[in-house]
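Report on the structure given below.
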Amino acid sequence: MPEALRIGVIGAGRIGRIHGENIARFIPQARLEGIADIKLTGEQEAWAKGLGVRLVSKDPEDLLKDPAIQGVVICSSTDTHADLIIAAARAGKHIFCEKPIDLSVPKVKAALEAAKQGGVTLQIGFNRRFDHNFAHIRELTLAGEIGSVHIVKITSRDPAPPPPAYVAVSGGIFIDMMIHDFDMARFQAGSNIAEVYACGAVLADPEIGKAGDVDTALVSLKFDNGAIGVIDNSRKAVYGYDQRVEVFGSRGAAAAENDLPSTVKLSNEKGVSGEKPLYFFLERYRDAFINEMTAFVDAALDKKPAPVTGEDGLENMYAALAAAKSLKEKRPVTLQEIRDQY
Amino acid sequence: MPEALRIGVIGAGRIGRIHGENIARFIPQARLEGIADIKLTGEQEAWAKGLGVRLVSKDPEDLLKDPAIQGVVICSSTDTHADLIIAAARAGKHIFCEKPIDLSVPKVKAALEAAKQGGVTLQIGFNRRFDHNFAHIRELTLAGEIGSVHIVKITSRDPAPPPPAYVAVSGGIFIDMMIHDFDMARFQAGSNIAEVYACGAVLADPEIGKAGDVDTALVSLKFDNGAIGVIDNSRKAVYGYDQRVEVFGSRGAAAAENDLPSTVKLSNEKGVSGEKPLYFFLERYRDAFINEMTAFVDAALDKKPAPVTGEDGLENMYAALAAAKSLKEKRPVTLQEIRDQY
Amino acid sequence: MPEALRIGVIGAGRIGRIHGENIARFIPQARLEGIADIKLTGEQEAWAKGLGVRLVSKDPEDLLKDPAIQGVVICSSTDTHADLIIAAARAGKHIFCEKPIDLSVPKVKAALEAAKQGGVTLQIGFNRRFDHNFAHIRELTLAGEIGSVHIVKITSRDPAPPPPAYVAVSGGIFIDMMIHDFDMARFQAGSNIAEVYACGAVLADPEIGKAGDVDTALVSLKFDNGAIGVIDNSRKAVYGYDQRVEVFGSRGAAAAENDLPSTVKLSNEKGVSGEKPLYFFLERYRDAFINEMTAFVDAALDKKPAPVTGEDGLENMYAALAAAKSLKEKRPVTLQEIRDQY
Amino acid sequence: MPEALRIGVIGAGRIGRIHGENIARFIPQARLEGIADIKLTGEQEAWAKGLGVRLVSKDPEDLLKDPAIQGVVICSSTDTHADLIIAAARAGKHIFCEKPIDLSVPKVKAALEAAKQGGVTLQIGFNRRFDHNFAHIRELTLAGEIGSVHIVKITSRDPAPPPPAYVAVSGGIFIDMMIHDFDMARFQAGSNIAEVYACGAVLADPEIGKAGDVDTALVSLKFDNGAIGVIDNSRKAVYGYDQRVEVFGSRGAAAAENDLPSTVKLSNEKGVSGEKPLYFFLERYRDAFINEMTAFVDAALDKKPAPVTGEDGLENMYAALAAAKSLKEKRPVTLQEIRDQY
C-alpha cells in the first residue's frame, strides 16, 4: 500500500470541518496533517487536536511551507480562494478548492494558470457530481442506456432563503446557487453550455428583491452538442431541499428523485404520506462530500486528471454570468459573448 | 363476425345492474336481451328499457323459457343461486353466477353436477382474477419471470365494516370476505390449497364480535404444490380499500400496489402525500367486472372452458370452511378433511 | 330530471367516434341524435345505427337544420372548423369543437364572434384539463394547498413521431403538439402567458427536420401573474406517452406522474421494474374525453360558461405563434406582440 | 461534557470491527480502549493500532481486568457469549452482546442473572430496531398515528443462502435468521408473542434440506395484546436483501419499503426500472449499527435501561424455539409451553 496523501485544510468553518473529518475518518489513503484558520478559536483547535492533527495554526502559510503536507483543501472565504490557489500551486501542493474560485474572471484565470504552471492537481468543490443519484444517471448515460442526450432538466430548490445580508454579497442567485446546477447540467449533458435565457422573479421573499436579486429563476439552456435543457431554482421550497435531475435521450430517460429520511409511508384517513426530502445540504450530500474528496486524493496520488477541473469552475462561472446578463437584458446570451469579454 | 351471445340477467340489484350495463355497453359480442327480478320496481324497469332490453319480467323463468336467450347472469340472492343454476343448466343456458354458489356444499355439488350434465359453460364471479394488477402478476409468473412460486401474500382489507345484521347472515369473514382471497391465492399459486391455519380477532368493531364473527383475520396457507402463503383481512382500513398481492419465487417477485384516484403527490411542510386507494369496490374493480363478463361470453361462444369454474367455487368454499374450523378448533386444518365430510 | 341535450356529431373519424360513443354510453343527460360525415362509409353508418342514432347523413347541414338537435360536436378536418362554428352558431346550436379552431387568427376571431352573436355555448376540445391527474393538481391549487403559483413545469412527449407528410401540414410542433401544453400551463397557472422563449432541435427524426420542423422543443414561459414556467416536448419518447405536470408554489408543490397499465413491480436480478406509461393518448385520456363532454353538456343545459372557451383556444394559439416566432428569430417574444398583429 | 465511556471489543471479526470502528469514529461519548481476539492476527493488530487502541490482546480477560475499561462489546463466537457475559458482569463492566446470547436457554438465563447481579447494563445486538425505517414506524405508532396495532407483517429475505456447513450448526432458520424478525415483531407490536404457527419448506436450496433445515418459512403470530401478525423468510431472494415491515392499526397503517442505492429510475422500451435493494446487511444497516451502539453507550453512561434487554433476547429465543417446535409437530405452539420447559 502506497503512502497516504498528507493534507492540510485551510479554513475551519462548517465546510472545512466536514472535509477535515471526512479525510480523517473515511479516506484511508489520506491523512489529515494540518488545519489553519486565520480566526482559529480554542474550540476549533480542540476539534483539530481531537482528530490527531499535527499542525494547527492561524496562518495558512504554515501549511504551505510545511514540506510534509502534499495537498491543501481551501475552505476559507471566497475572496481568499484565488490567492491561496496561486500560493499553494507555487508551493507545489495539490489543491482542492471550494466553489466559487472567485467572483472575478481574471482572478480565476490567474489561479488556473498558476495551478497549471505548478503542475499540481486542482479540483473544484462541485460535490453534486459525486452524489449517488446524479452519478448513477451519468453512469447510465455513459453506458448507453438512454442513447444520445436530448433534454436535461434540473430542479434545485433550497428549503429556506438566506439572510438578506448574505444575498447582498452573494453575487446573486446565478453565481451563488445555480452555479451548482450549471455544473450538473454540463456534467449530465457531457457538453459545455452554448447559450442561456433566464427568467427570474421575486416571489418568495421581498427582502431578496430589496437586496437586488431574484429568488425564483428558470434558465433554458442550449448545449454545444445540440441538446437543450432547463434549470429552475427557488430560494424557498417549504417542503425541504429539492434536488432532482432528469436526462432524456434517444433511447430512454433517467430521473432521480429526492432522498428521504426513511421509506416509511403512513396511510390514514387523510391519504398516504411519506417523508419530506432530506432538509439540510450537508445531510443530503453527506456521501457526495466524502466521494469528491476521495476522488481528489486518488487524482493527486495517481497523477490522474481531477474529475472537476478549474476549467469546469470557469465554465460554470461563464454560465452564471451569462444568465445574470440574460435576466438583466431580457435576451438570450451566448457563453461565447461572456468568454469574449475576458 | 359471429352472432352475439344473447344474455338475460337475473336480479337487478347493484351487481346485476353493473353486469347488465357492462354487457350492453362494453361487450360487442354480447347482447343484453332480458332482465328479471322477482321484486322488479318501476325504476328498475325503466333502467332496463333504457338499455333497450326486450324482455323485462318479475319471473326468472321467463328468461329460462325464452329460446332466444343463450346465457344467464345470476345476480339474485345467494339462497337462489343453486336452484337457478340447476334450472338454467336444464334449459341449456350458459351460466355466469355471482359468488358464492351456495352456503351448503351439497347444494353446490348438485349445481355443479347439473351444469356438467347440461353441457353448459358455468363461470363463477371471482372477478379479481381479471383485475389489471393481479392478472399482470399471474402473466409474469406464467411467463417464467419469477420462476417457481414460493410464497404468496395477499392483503385484503375493507374500508368499513358491514352492518352487524349483515354479518350475522354472511356466513362469517372467511366465507363472505376471504373467499375472494382464497381464490386469488389459488390463482396466483397455480395450485389448490392443502392446509390452512387461521388467526382471528375482534379488533375493529365490537358489534361484529357480538354477531359471532371476527373482523381481523390472518390465515397461513400450504399449497398442494409446496408453496406457502398468507392472507390477511380486516373489515376496517380507515385509509380505504386495501387490495394488494405479492408473489415471491425462485427467480424474482412481483407485487401489486393499490390503485389510486390520481398519481398526484402534494409536497408541503408536513411531508409528501398522495391519494388514498380507490375506496369503493365497484370503482376499484370496474374493469375487472367488464373483463370477467367478456371472458364468460367468449368462453360460451367459443365453447372454451370458463376461466373460473364451478370447481374453483367449490375449492374456495372448502378453504373458507377449513379456515373457520381452524379458527374454532385452534389447529391447522387440511382441505382434505373438509372435502371428506361431503 | 330535465330533458337530455340532443347532440349531433360532425365527422365520424377516430375522435368523432370517441365522442359519439361517450355521449351514447356515459352521459345520461345527453342523447346522440345525429352523425354526419362528408365521406360517410358503410362501416361508419353501421356504427352509427348500432348506437341508435336517428339521423345519419353525409351533409353536416342536415344536422344544423334539424330542429331537434340542440348541440353539435365538430370533429371534421381542421380547415372546416371555423365555418362550421359560424354556421352552427347561426343555427342556434351549442358547439363543442375539436382543437385547433383554425390555423388563421382572423378566422378564429370570426368564429368566436359568431358564437358570441349566436348566444350559444362554445367549448374547445382541450381535454387534458379534465384529466384526473391534472384536474386534481388544479383543485389542490384552488384549495390553497400550494399557496400562490411560482413555477409550472410541463413534460409532454409523444411515443413516436407522426409521418413526415403529417408534419408538413401540421402547422409545426408548437401549433400541433405544444398547444395542448400551453393550455395546460395557462390552466395550472391560472393566468395568461405574457412571454415565451423557445429552444428547438431536430434530434429524434431527421425527416421532421426535412419537413421544416423541430422534434424536440423547450419553451420557457412568463405568465401575466408573475409566475414562470417551462414546457418540454419531444416527438419520440421510446418508453411511451410521457405526460407530467408539476406546480410549485409558496406553500408547497403538486406533481402528477404518468398513468400506468398496472401498479405491478417485478423484482429480479436486474432490478425492480414497473410498466411503461399508457402508450396511446386515447387510452391515457379515456376518462378526460368523457369528462370534457359531460362538462360541455352541463354547460349547455345549465347555460353556464364553458370550462374551455373560444378565447382559451385563441390565447393558446397566440402562445404557439409566439413560440414559433421565438424559435425563428432567436429571441423572447411577448404574446402582446402577436395579439397586436391581428 | 462528561467523560467518555471507555470500551473494549472482544472478537475482531467482521462485526467486531464494525462496532470498533463505529465507536472510534462516530460516538464522541465513547472511546475505543481495547481489542481482544483469541486468534488475533497481525492484520487485526495493525487495524486496532490504526484506530489508536491502547490495549490489544489475545486474551479477553485482559480487557475485563483493566480497570479503565468500563464496557465490553462481545463479538466472539456464539458459544463464548454466555460465559463472557457472566465474567464481564462480575468484573462490573457494561455489556453489549451480539445475538444470540446462547443456543441453550439455561445458559442464557444464567447470563441474564449474572448481569442483573452485577448491576450492569446489558444490551443485545438486535440492531434492526435502530434502523431509520423501522424505528420511524414505531415512532408513528407511539405517536398514535396508526391507533392500536392490529396486524404486523414482516418480510425478511436474504439475498443468498449461507453455506450448508453453516446451516448445519446455525440452530436452524428460526434461531439463526427469523430471531431478528421475532424481535422486530415484538418491537412493532409493543407486546410479547403468545403463540406461533410455522410453515416451512425447502424450495430455494436442496442442500439446506439435506442439512436438516428449511429455507423458506412463514410464521403466523398471536401477540399477548391481541394483535396478530406474520413473518416470512427466504434464504434466497435473487433481487437482494428484502427487509420490509408493515404495521396496520385502528387509525391507519405504516409501511417501510427497502432502501436502494439510488433513487434513479430508468425508462426505456422495456419499462421503468429502478435499483435493487441494498444487497449486503452491513450496508443496509450501516446506520442502525451506529445507532444501537450509541444507545448502548448512552444507557451505560446515564444508567438508563438498555433499549434491547437480555429479556428481549430470551423472549426472541422462546419464539424461535416455539416456531421450530411448531414446524416439527405441525401445530400451533404457545410461548408459555416453551417457557414452562425451563
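Read from first to last, the chains carry the letters A, B, C and D; within each, the first residue is number 1.
To be clear about the criterion, a contact is a pair of C-beta atoms (placed from the backbone, for glycine too) under 8 Å apart; a residue touches a chain by one contact, two chains touch by 3 or more.
These numbers come from a predicted model, not from an experiment.
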Review point. Count of steps on the shortest touching-chain route from subunit A to subunit D?
Key: 1
Point to revise | Chain separated most widely from subunit C, comparing mean CA positions | key: D
Check your understanding: Any idea whether B-D or C-D has more C-beta pairs in contact?
Key -> B-D
Exercise for review: Between subunit C and subunit D, tell me the centre distance in angstrom, where each centre is the average of that chain's C-alpha atoms.
Suggested key: 58
Review point. If you average the Cα atoms of subunit B and of subunit D to get two centres, how far apart are those centres in Å?
Key: 42
Review point. Which residues does subunit C have that touch at least 2 chains other than itself?
Key: 237-239, 242, 251-253, 267-269, 275
Exercise for review: Enumerate the contact residues on subunit C facing subunit B in the complex.
Suggested key: 25, 52, 132-133, 136-137, 140, 145-146, 251-259, 261-269, 275
Revision key, fill the gap. Residue positions on subunit A within touch of subunit C in the complex are 148, 150-151, 153, 155, 157, 197, 199-201, 203-204, 216-218, 220-222, 226-230, 232, 234, 236-239, 242, 248, 250-253, 330-332
Review point. In their complex, what parts of subunit C are in touch with subunit D?
Key: 237-240, 242, 267-276
